[in-house]
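Have a look at these structures, which come just after this line.
The same chain A turns up in both complexes below, where it pairs with chain B and then with chain C.
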Partner chain A sequence: MSPDLQNALTDFIPQVVPEIVLGVSACVLFLGATFRVSRHVWGVFALVALTLASFALIATIRSLPLFTEPPTTFDKSKWPLYAAPVLFTPLALFFKVVGLVTGFLLVLLSWDEGGEDHAGEYHGCLLLLVAGIGLVGAANDLLTLFLALELISLPTYLLLYLPRADERAQEAAMKYFLLSVFSSGLLLFGFSYLYGLTGTTNIPALLDMFASGQERLAPNPEASTQQPWVGVTLLALVMIVAGLGFRITSVPFHFYAPDVYQGTTTPAAALLAFVPKIVGFAALLRILGYVPGLSAFERPLGTAMGEQVPMLLWIMAAVTMTLGNILALLQDNIRRLIAYSSVAHAGYMLIGLAVVRYLANAPGESVGGVEALLFYLVAYGAMTLGFFAVLHYLDSPDRPLESVDDLAGLGKSHPSCGLLLTLFLLSLIGMPLTAGFVGKFLIFFDAMGLSSQNAEQARLYRILALIAALNAAVGGWYYLRMIGVMYLREAIDPLPRPRPAPVVATIAVCATLTLGLGLFPQSLLQLIRDALPRPNAQLVARAADEGQAVARE
Partner chain B sequence: MDFTLTTYYPIFIYLVIVIGFGIAAIATAHLVSPKKVTPVKQMTYESGMDPIGDARQKFDVKFYLIAILFLVFDLELLFLYPWTTTYQQGSIIPAGLRDIVFWEVQVFLLTVIIAYLYAWRRGVFRWR
Partner chain C sequence: MFEDHHIVLWLLGLPLLSAVVVWCLGPTRGPAIRAVSFASSVVVLLLTAMLIVRFLAISGERSPVTEDTVHQESKIHTFKPEFVPGASAEDRHKTTWNILSFGRGQIQFYLGVDGLNIWLIVLTALLMLPSVLVSFRQITERVNEFYAWLLALQTCMIGVFLAFDIVLFYVFFEVSLIPLFFLIGIWGGSRRQYAARKFFIYTLAGSLITLLGVIGVVIACSPDASSKLTFSIPELVHEVHKNLENEDTRGYWSAVQLWTFLALSLGFAIKVPLIPFHTWLPLAHVEAPTAGSVDLAGVLLKIGSYGFLRLCIPLAPDFTLVNGLPIITWLAAIGVVYGALCAFAQDDVKRLIAYSSVSHLGLCMLGLFSLNAIGIQGGIMQMINHGLSTAALFLLIGMLYERYHTRQLKDYSGMASKMPLFAICLVFASLSSVGLPGLNGFIGEFLCLAGIYQYEVIDRQQRILPILTVLGASGLILGAWYLFTMLRKLLFGELREPSHEGEPITDLTVREWGLLTPIFILCVVIGFYPRPILHTTEPDVERIGLIVKQARKRAGLSIDPPPLVTGRADVR
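After this line comes the complex of A and B, so read on.
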């Protein structure tokens, strides 16, 4: 074994120090939870652990070089550099930071969850979840990726079950468990095919192998339909997209969401709305090879097999947002409504994924699509977590906040809460000056901006942008209905005045983010641009040539 | 990539033989065997004892907890056994990786111990 390879396999430990800190703290929390201590102790402990992990992350940034150097050509001598199970790339750093911020918000949001008895376990599970987000972002191997995804799924089952033990919560936890296990099975099935075809689980090696296979087929496109491996690869990709589609609640894997959100507590629903989406999209970006520059290949796996995978994502995006929005119109329970709204938002985000291929090859600075998708993810997280946090703040055991009608008169009885809910709802609609607007704008703009490519594709994606715009208008109706109920109707039985709680901090941060990203989107966009590697210059030039050739014909 | 179906012909032939043998065995038994039904023959097999009660009854949840703990240690053993036997063989674990693999196994053992302590503290072993 070469020394380079050995170093790659042994020297990755310092890169995962933040995750190790979180894991060890979670173990302490699990053991500590068996002693009778006030639940506030465990909340504070979780916050301290997250702070320590943040410092560890800062230390790793200072001391370790970020893995930014993409080889321009297929260079065998550089392969050992890519052999590590995790790579500390700028994109991984982005996901780690998002994970830690989410962790802080979730710990504050669910401060009182789990009761005196299980608060320790609850916060321990939250810490494991944050570690999982960081590992998914950094994963460089199919096995690491799968384990990191499971590191998020397993604590999620507990988080659904721990805070409430009534029948509906149990049903929700059971439903989520069974469907999640099923989706993991699909994912593993897809992984096993990729492994069987290439003999490796290392993602860059795998992507490169498909790219070179595609290169060999390139002179004779008709032959590709006769090659069995092309079909098997497509099958594997469909399985993987299906398995991850469950996590991002895209149609047709969305049907668990409304029941589970409704059955579980508000903090757990907030977590389910955001965390699986981050990791689902992170994993999709990685496996489909939509992060150019990270491997020595030129064509992403998602497009190496032609137009099918972008087309699949196109259809999923269109169906997901349409169905999500239409079904949300019919809902009366707030959590159910937001579940369908989260399905619709997954649809908007899928547009970002569907257009990547064409934008990545387009001459230009940025990797469109991915950039818009990541911005939308952060904006979506801020507004959804904020919305759920206000709901949780107003909710009390004596006077549960369940249906839209419970919000009646909120604008008068709780002016500040009403104002904050309105802010988050306007952001979910996509009103200007909020984060939601910038996210939607970037996504729609990407879908519209394909004109330089071949005309048929451009038309197809303009249709997608049109569907999305119509959907945004439909979505406006049910969000505005909630605002209307808050301000135009009188409460028969007003909600009681809530007591101050750590949740207020979550609400404040989310509101700041929602407004801040809406007013100054450039700050986050620049961060995301820096996190994404530039597309290969040769590739861009070649794609431009091909585009001209197509145009001439 | 030389991927053709011909590579897998032996497996297909093998599958056909295996399935055919299974079907043939069952079919022959049905066709050839004498069919004399007696109550004793119809009785559930309980290693020679007469069966008592129904098999489909509720079990105490305590049994499941013990079963899960058993599984934890069972899997741990399953994982450790191959490692201990191949640890010294350079062909399977390269010498350069031996240290890191050793410590990774220690971490794995530690997590199992933590899970065990947690179960202990939560009173899984108190049979009440």
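After this line comes the complex of A and C, so read on.
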């Protein structure tokens, strides 16, 4: 065995033990699914696998040091930043935990999903998804990142196809497949440009190169237009943002969402609403250089990709939330409505991404923007999964829950379901005392919080905050419509009383999270803060000096 | 043992606890639900009575003038809440209970009582009792939910008034929409769905802009990453004034104030409501059940005017003085006349009273925005008085509707001979609303008009035609016109009852008497002896007066306008 390979194995394998556990379990499920066994066996197996993966994660935390310390030397063996395909950073840990929790919730949510003969494959795919989330969070290399993203896309196609084989489900699966492949192609194309420009696929190295290039150009802005690499970088970034924009359902890459959500089953729609968003934002954070602490050179976050990126994100955020909300107003089908609402929420989250460049420069301060984005992401996950879980709980083959009117009188016929749906909807509106409010508050706070030094940007982002506020009011209308239908109207054809099912556990966890994070947001915010290293004041100052020195040369 | 700040916490906790208990009792146990709600509102009322007694005891020492006589012109003034739960050892006006901590500041669970909010809390507690009692017979469906939402609404309203943290204020402000949405939407009239949704969305849109204003103020107060971030209203007011007094930062802050004022006032103007943001109000009132109308008119609208007083004026004093004052007073004055004329045109009694609210609150805003001590005290008095008299009117109309199931004036005539007690009560409530001297309405209306007169004639030297004062005063005359017209059509003339399908029509029952009595007693007491209210509000009105005085100095206006009446601002 060559020493390089040995090094790679000894460094790499221990970091991804949870993912390996999940992958192996998924393989067992795929093989085992050929045997006719009750679906409960496979469900329990998936839960056991997730529990094992959680233990593996705990063991990893105990045995491996988290990658937090800023480097002092360039000793490659001690410091894998510029070499390793994956890094066990605090943020990676955060995403792994989010992935595992999502995994548990999804397995319980889709316990009864699909035919008896597909249950094994279905749960196997879910496990692969969870592994994919963890890998995207940890990826330190464009290739790992791309593979991890595909590890999520491929099972998703199956998950869309497996539980339902009628025409609409097939259309949904096909649509998602084609567009997803296309977006992956775009993403890869963008990656290839980045590789062509820098000669490396290592993300920190690549970002450092761009950043130093930008710094050289900074004193002389006119020169930047003459530098061909600036244009090529932008082109690459546009393609990358487009490729990932598909996953976070941002306009104009959202077209598939309503059709696919409507065509597929409720658990699959829940999964589509949340999982691609986690990985999409995780990948964007990483590639745009918005994760602090991952560079030998301390410089303000997000300088690598130039000044145009925040502008691009600004426009995407504004258009995404506005279009998503307005189109949601016109919907009658619940799942289509939530599809557009998930587009709108992607818009709010993009605000968090768009402000990072201008917020995170303060030394010793929490990382604005990213923090709000991650909080919103978790809050959004809790309320959307919860909402879909209640829908799924009420839905039955002989009385499908399709249009908003089907919810009529729910508050009376199913008081607790009505109450829970109301809780999730109020959270989606962003009413106080729910997680949704805290998320919106943090996002608004960051968008308004630009320092007065860059007055022009401050004004721009205040306008964005205003657009978001108006959008939230528009959003209030269609969520409220559902609450109104549930409580203010009489049931025409009451829904049958559902049987107790494992999905109740998902609902309970989501409701607890939605309410708990609304009442006590400090706990999650602290976790997120710990996951993001603060920019070190001295290092920032030193980096600024060095930057000037470089510029003088 | 039972300390002052415990009362504050119980005021908030007890209705919430009762709401949970009531909800859990289930829809079938009607008597138990009613008993719990009634007991809870009685206890809350007793707690507020305790609060008043203890507050009166210390209110003598609260004047900002006695605090610091030498430097009072140059000193920076801010609110000083009392009875703060979790107060730190060194400063009883500040709390140490944090909810959400940012790196350089925290959102706190900061409650307190001062002269501006204490009477509004009393009003909330007082109006809860009739709201509960009047619903005993009116509400028969989903009883537990109804009382739970009603109690939750009370929690939110008390919370808004108690909050001294700007985010906490906003949280209560916004959450109060949810209970009322359900109260209107489930137990309302025929167009309840539309009314509930319109009310919710209208207010939500305004309050989201207010949220931006709130965040904007907080951020403007800590311009760079090294400065402290504060969400406490007293500290924010302090910061704003420090920055305004400082020559270097004043330029930036004049710009900030414009946006602060616009953003904050939009949400509050919708809530008050000022013309042209009032369209949701008549609809919501007409469709709401009686208890909902009582709370909506009695307390919720005051959240808007209270927001102006607590946040808008102190956080943007210069802009309020120079630009906000003309805008708001004109809108308010137009509202006074427009609301009155609209009220006159209505045939639905509830709609009539709803428009009369627009008119009365216009007068209240005129008082508040005259920005002098008399006017602000008048505004506060008007808030309380409007709460009492309009609640009484809504209660009476609710009782009538309960008997005949119609609210159209054209269906009734000569009811005085059929229900004499009812007629007496309605006349009394109308007189109180119109502002008959000797009843509560007069005090507030007089002070408001005196305040706006002082602003216009003495301050701005508009001796020829003080048009705002004239418009405001015409509201009183028009008010008498539409209310007496209503009384004439409803009570006097030949007896003509709407059909009531053979059900025997009784005059007011003991329960109905009982629920009206406390309101009427208070109407008379305030009418003859308003001193305790004026006395307790005075120190805090003076604080706002001093804030405005400094703003006047900055704006280059004369600092001490000659007083309208010699001596202090209260009527003794």
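Heads up, the rule we're going with is that the second predicted complex is superposed on the first by the 501 of 553 C-alpha atoms of A that agree within 3 Å, B and C clash if a C-alpha of one lies under 4 Å from a C-alpha of the other, contacts with A are read in each partner's own complex, and residues count from 1 in each chain.
Here is the rule we use: contacts are C-beta pairs under 8 Å (C-beta built on N, C-alpha and C of every residue); 3 or more make two chains touch, one makes a residue touch a chain.
What you are looking at is a predicted structure, and each value in this text was computed from that prediction instead of being measured.
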Greater chain A contact set [chain C / chain B]: C
First (chain B), second (chain C), both or neither touched by A:Gly213: first
Partner chain in contact with A:Trp229 - chain B first, chain C second, else both or neither: first
Touched partner set for A:Thr10, first chain B, second chain C, both or neither: first
Which superposed partner A:Met448 touches (first chain B, second chain C, both, neither): second
First, second, both or neither for A:Arg481, with chain B first and chain C second: second
Chain B residues touching chain A - in the complex, by the definition given at the top: 1, 3-5, 94, 96-97, 99-100, 111, 114, 117-118, 121-122
Interfacial residue positions of chain A with respect to chain C in the complex: 362-366, 412, 426, 429, 431-433, 437-438, 441, 444-445, 448-449, 451-452, 462, 465-466, 469-470, 472-473, 476-477, 480-481, 483-484, 487-489, 521-522, 525
Touching residues (chain side chain C, partner chain A) in the complex: 98-104, 142, 167, 170-172, 174-175, 177-178, 181-182, 185-186, 192-193, 196-197, 200-201, 204-205, 208-209, 211-212, 215-216, 219, 223-226, 252
Residue ranges of chain A touching chain B (in the complex, touch as defined): 1, 3, 6, 9-10, 13, 27, 30-31, 34-35, 197, 209, 213, 227-229, 232
